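Okay, so subunit A shows up in both of these, paired with subunit B first and subunit C after.
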Partner chain A sequence: MNSQAPRTAVAPHPDSVVPFKNSETVLEVRDLAVHFFTDYGVLKAVDGINYTVNPGETLAIVGESGSGKSVGALAVLGLVPPPGKILSGQIIFQGQDLAQASEEELRRVRGNRIAMIFQDPLTSLNPVLSIGNQIAEVIRAHQGASRRQARTRAVELLEQVEIPRANQRFGDYPHQFSGGMRQRVMIAMAIALEPAVLIADEPTTALDVTVQAQILDLLKGLQLDSKMGLILITHDLGVVAEHADTVAVMYAGKVAEYAEVANIYAKPYHPYSIGLLGSIARLDQKRTETLQTIPGQPPSLVSVPSGCPFHPRCAFSQDVCKVEYPELLPTEHSLRRLAACHFAGNLPAPRGPGR
Partner chain B sequence: MQRIDPTQMPVPVPTAASEVSVSLWGDVWLRLKKNRLAIIGLGIILILVLTAILAPLVAPYPPDQQNLGISKLSPNSKHWFGTDVLGRDYFSRVVYGSRISISIGVVAVGITLVIGLITGAIAGYFGGWADAIIMRVADIFFAFPFIVGVLVMITVLGETIPRLPLLFIAIGLFGWASAARIFRSSILQVKNLEYVEAARAMGASHWRILTRHVMPNSLAPVIVFATIATGTVILTEAALSFLGVGVPVGTPAWGLMVSEGKSHMTTEPWLVLFPGLSIVATVLGFILLGDGLRDSMDPRLR
Partner chain C sequence: MSPAVDAPLLEVRNLVKHFPVTKGILFQRQIGTVRAVDDISLSIQKGKTLGLVGESGCGKSTAARTILRLIEPTSGSIHFDGDDITNYGRKNMQTLRREMQIVFQDPFASLNPRMTVQSIVSEPLAIHGISKNEDRNYVPGLLERVGLNPEHGDRYPHEFSGGQRQRIGVARALALKPRLIICDEPVSALDVSVQAQIINLLMSLQNEFGLTYLFVAHDLSVIRHISDQVAVMYIGKIVETAEQEDLYTKPLHPYTQALLSAIPIPDPDRKRERERIILRGDVPSPLNPPSGCRFHTRCFRAREVAEGGGVEIVAVGRLQGQVPKICTTEEPRLQEHDPSHFAACHFVTTRKVV
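== the complex of A and B ==
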């Protein structure tokens, strides 16, 4: 039965009503588009995304490789590598639009008010500088502190991220630390200037599972102390369930679903979120059951499918999905529950075998 | 029963060499130490440098003291390397010759490095038109045969600039293109590494990224180049002096001594042998050390 009608068009929300925005919101990304002008054509890495970061909260950005989740975060810091360009949109951080900011203004924000930690701690530290000096350097660069002040603060930070014998280890070099310890050093560097927002780009992907948990707990503890907003970029839905407050699911450079964590896990609206959650291995699953998969491949961002970018892989797709892009709109009349699907909350019967 | 207070427990003191806080250069030295040829090279260079610095103490006679009565003596206990046509002590002259060679090596390679590092860093880090212009100029210098370029420069400017500084400048100027190329390609590799991106994300300025993160990590190939180039430059000076366009006649310089001794080679072979051996040993020393440095700095072994 394919008789369900698409959701009735709702007028786009007025500018003043932004999802998850409150009086304290520190960072607001609105209709951000970042395109790469490559030899093969325009690659739409990020194509009109919206999200909001509030103090003390964690926003998880989830998606497959190449869904634009990292590029969107790099754009916040003005670090989109060429041939990429911020095409349109606003990045409003504490009242300032970073999309319009000069390089010098951005430089003063980076590391200072918005910090970032990277995926691979093994390659994110400079091998010829001692870890203490690398931390101290960030402090000196932004605050003009004296060498001794910076050193004292760096040792404090190393203690804060629970590096044993911090004072003795100040002069050690990155290769003398394990992966988890290096990520702690990266975190110490990132929180050195008490940023309002911390972007963590897959901070635990390169670490083993026990260390992952330690690092995430550390981040959570720091966040409680400082009311820092955290953007957690990941593809690990287990991490999201445990550590995030809100989730933006990205697909092909767009936000497919944006909601509070508990809600999205309880009842995903977008067929892509349904597929993602369905493909997690669970302990209570019978061993004979095979894991569910989402058929097909993520699209090339140079030639994104027409209409809803997910329609070629979607078991529920209808004719309208091929021609019209479904805007990210509130469902359940709630600004805390958004999905970009014509049939959000009202999915037609799946077609085709196996689903 | 005695209770153990964990804060009073002795902290294990790391003993193994790998546990001791070693910098990257410390690591390089550890590996270099195991390379016998490189250490021989380093030894030759150290002896040479010490000889050059302490020449007045090492040489038994002043290098210019003539005594026509003892012309062309063969090596003996008083004159270890014999004497030359003008009766000057040949050992003393060879000792003083090291000063010319070392100063040429240090100053000319220094000039090469200063120009090469600055241009290479700008070209590699900033890219774009700066890269295009710098590397095309470097190509022009490359297209010029090294020895011919230096010869032309010395012939043209020989009257206006004293010979030794002119040699420094000429050799330095015609060597920078190699240094620039090597440094540029090394910087191109390093500048896209994640820790450079991380430094940028921490708000580091271009200057700080370049001087603290990119350049120190790009230096290894340049150090190897500089070591080998020092040997080459010493050889070039010797060749120029041999050809008569190097240091002024009468200066104790190895190339010049070989040139002056060549007409007596059949009768007084030591006049060519000792300065010749000095050149060979020196150049070999730098090449052996350079080779060893390259091996111990190779990131694949790290």
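== the complex of A and C ==
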């Protein structure tokens, strides 16, 4: 079995054929690399990733901590903190390359055409301003509305995110709201300017499941109304299954697999996706004695393993995996089904499963 | 109670923990009470796992800590292996703590950054004056058993990843060979692939050493995987308790049903067939819990019953609709509806949600 031949390369990522791209595509990230130049060495947080966001669709970016899933999104907004730098690649938003844009140009896009919500709404809201004024400020800053207009619009937005008694709660401060309500306030602020793309970075991780269901439901509803493209960054594969259309699985700064949600759950190609799906305790399946595990830990981004970054933990790895990085290429001859594995669709026999 | 063939290792009866809320600096007045744990009873058989599940603020961690008497209970009693330990003094308690250990949620905060792994794991032995530390292979053996390199005993916690640190926490809890381990959200800070490693470790240790677990978590999928028995808490009360399989296949309490239906299932084909119950609002504050059934402010079942007619109904709040009057006036008792399946609801029905 060890004589398994690696897949033959299809085309080396032709520029003209971008996965999931269509005539309406709003955001395209191409070969993006973001590195942090630290005292300990160069940390390759994002190392050549590609994805596409279409209107009204949800792209989930899945990965474990340190996989680079948040940094990639921050780069889209030009918010990579120093010592991080966008090293190469393009971020094409409505025809404009944000990777090359000036700070001034970025400011016009940020919060306006592309908005973002974060995991912890308490640290993202100003504690000494009422929530109503914080929302109104966004509207006034970007649209030059009068105080009165801004207030009316802010109340409308609070109603839209289903905050009860929106008019009375306009003057309340963040600490007077629960976690779920604060996240609604953040969403109201993010959608205030009707962005074309909303980036949600672990929006429900800090919330209880019953509240998580409310927030995801709300986002879905808003998206139906506005045709907004959503990038949902999460580690929860259940959330992805229920709310996303396409999914990019990230590992060690690279996209390991990129596909439509229905396909990847039915048949994951990359051994990391296979392992990830196997390692979750699930409500819908018979309980087994032991969960499958992926041995070892995710690598440090300062010293990413050579070749395929997953090879030290991979039950299927061969010699070629140690030396040559497998590009993210179409499988099944489809540009909607990509995997970065030398043996995608043709895995050799594992060396002792779940070791 | 049936005559105990297998006596429970841990039994908790009518446990209550209230925290006073005071105002003023010099003359402190009590202005309220946080009813963190409000009359709960539970028991765990030897070698079994009880999963205690609930949302944040429901009192599950307070319950766990009160059982260890890290927090003193307001009232109620705690029995360990047949002995009432509620009023044990310092000395008795210290001896007893050999038998009951805890693993905490945050493996970053619960390990002293200035101590080596060797000294963290052997500290309980030193505290209890046990000479196992004369056996130089004891701690390395433990480290190896929990899946760490035994040669890493002289490293410090910061040199390890989250999952490895949690293994150190488990090794520390095991050092005294306890009979009961309370696991307070031991995997919720970890990545999924690492969660599975720790869960597998805890389960194999249970088999090997005959350990009894009280497993506190908010994640119902994890709880299902590890538990024999499950208790669901809502604002300081247990609302439902059953054998693991029964709770998941035929949940009786509307809160359990909502909680289960809110869990996203990693299967895109399933989402269309599943009934989703989306609860309105947030968990009310335990400082001022709703009257009657504490769940009535968010309960879909109460609204269903009210709509169906035939019961006296009352309006609750401005936007919260109508519920049967009894839900707002009378607290439902935890009653046995099926064999060893208890639920506290006036209008119990079963519903398939998973």
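Throughout what follows, the second predicted complex is superposed on the first by the 345 of 355 C-alpha atoms of A that agree within 3 Å, B and C clash if a C-alpha of one lies under 4 Å from a C-alpha of the other, contacts with A are read in each partner's own complex, and residues count from 1 in each chain.
FYI, contacts are C-beta pairs under 8 Å (C-beta built on N, C-alpha and C of every residue); 3 or more make two chains touch, one makes a residue touch a chain.
Since we're looking at a predicted model, the values are computed, not measured.
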Side-by-side fit of subunit B and subunit C on subunit A, or clash:
fit
Would you sort A:S317 into first (subunit B), second (subunit C), both or neither based on which partner it touches?
neither
State whether A:S124 touches subunit B only (first), subunit C only (second), both chains, or neither.
first
Tell me the contact category for A:V209 with respect to subunit B and subunit C: first, second, both or neither.
second
If you count the residues of subunit A that each partner touches, which comes out higher, subunit B or subunit C?
C
Applying the touch criterion given at the start, work out whether A:L237 contacts subunit B, subunit C, both or neither, answering first, second, both or neither.
second
Taking the superposition as given, does A:L277 touch the first partner, subunit B, the second, subunit C, both, or neither?
second
What does the superposition give for the shortest Cα distance from subunit B to subunit C, in Å?
5
Subunit A positions within both the subunit B interface and the subunit C interface are none
Give every residue of subunit C touching subunit A within the complex, in rising order.
55-56, 161-164, 191-197, 199-200, 203-204, 218-222, 224-225, 244, 248, 258-271, 276, 278-280, 282-283, 319, 354
Contact residues on subunit A for subunit C in the complex?
64-65, 164, 178-181, 208-214, 216-217, 235-243, 261-262, 265-266, 275-277, 279-284, 287, 289-294, 297-298
Which residues, counting only subunit A, touch subunit B once they are in their complex?
77, 79, 107-112, 115-116, 118, 120, 123-130, 137-138, 141-142, 165, 171-173, 175-176, 186, 189-190
The residues of subunit B that touch subunit A in their complex are 11, 21-24, 193-195, 197-205, 208, 212-213, 216-217, 302
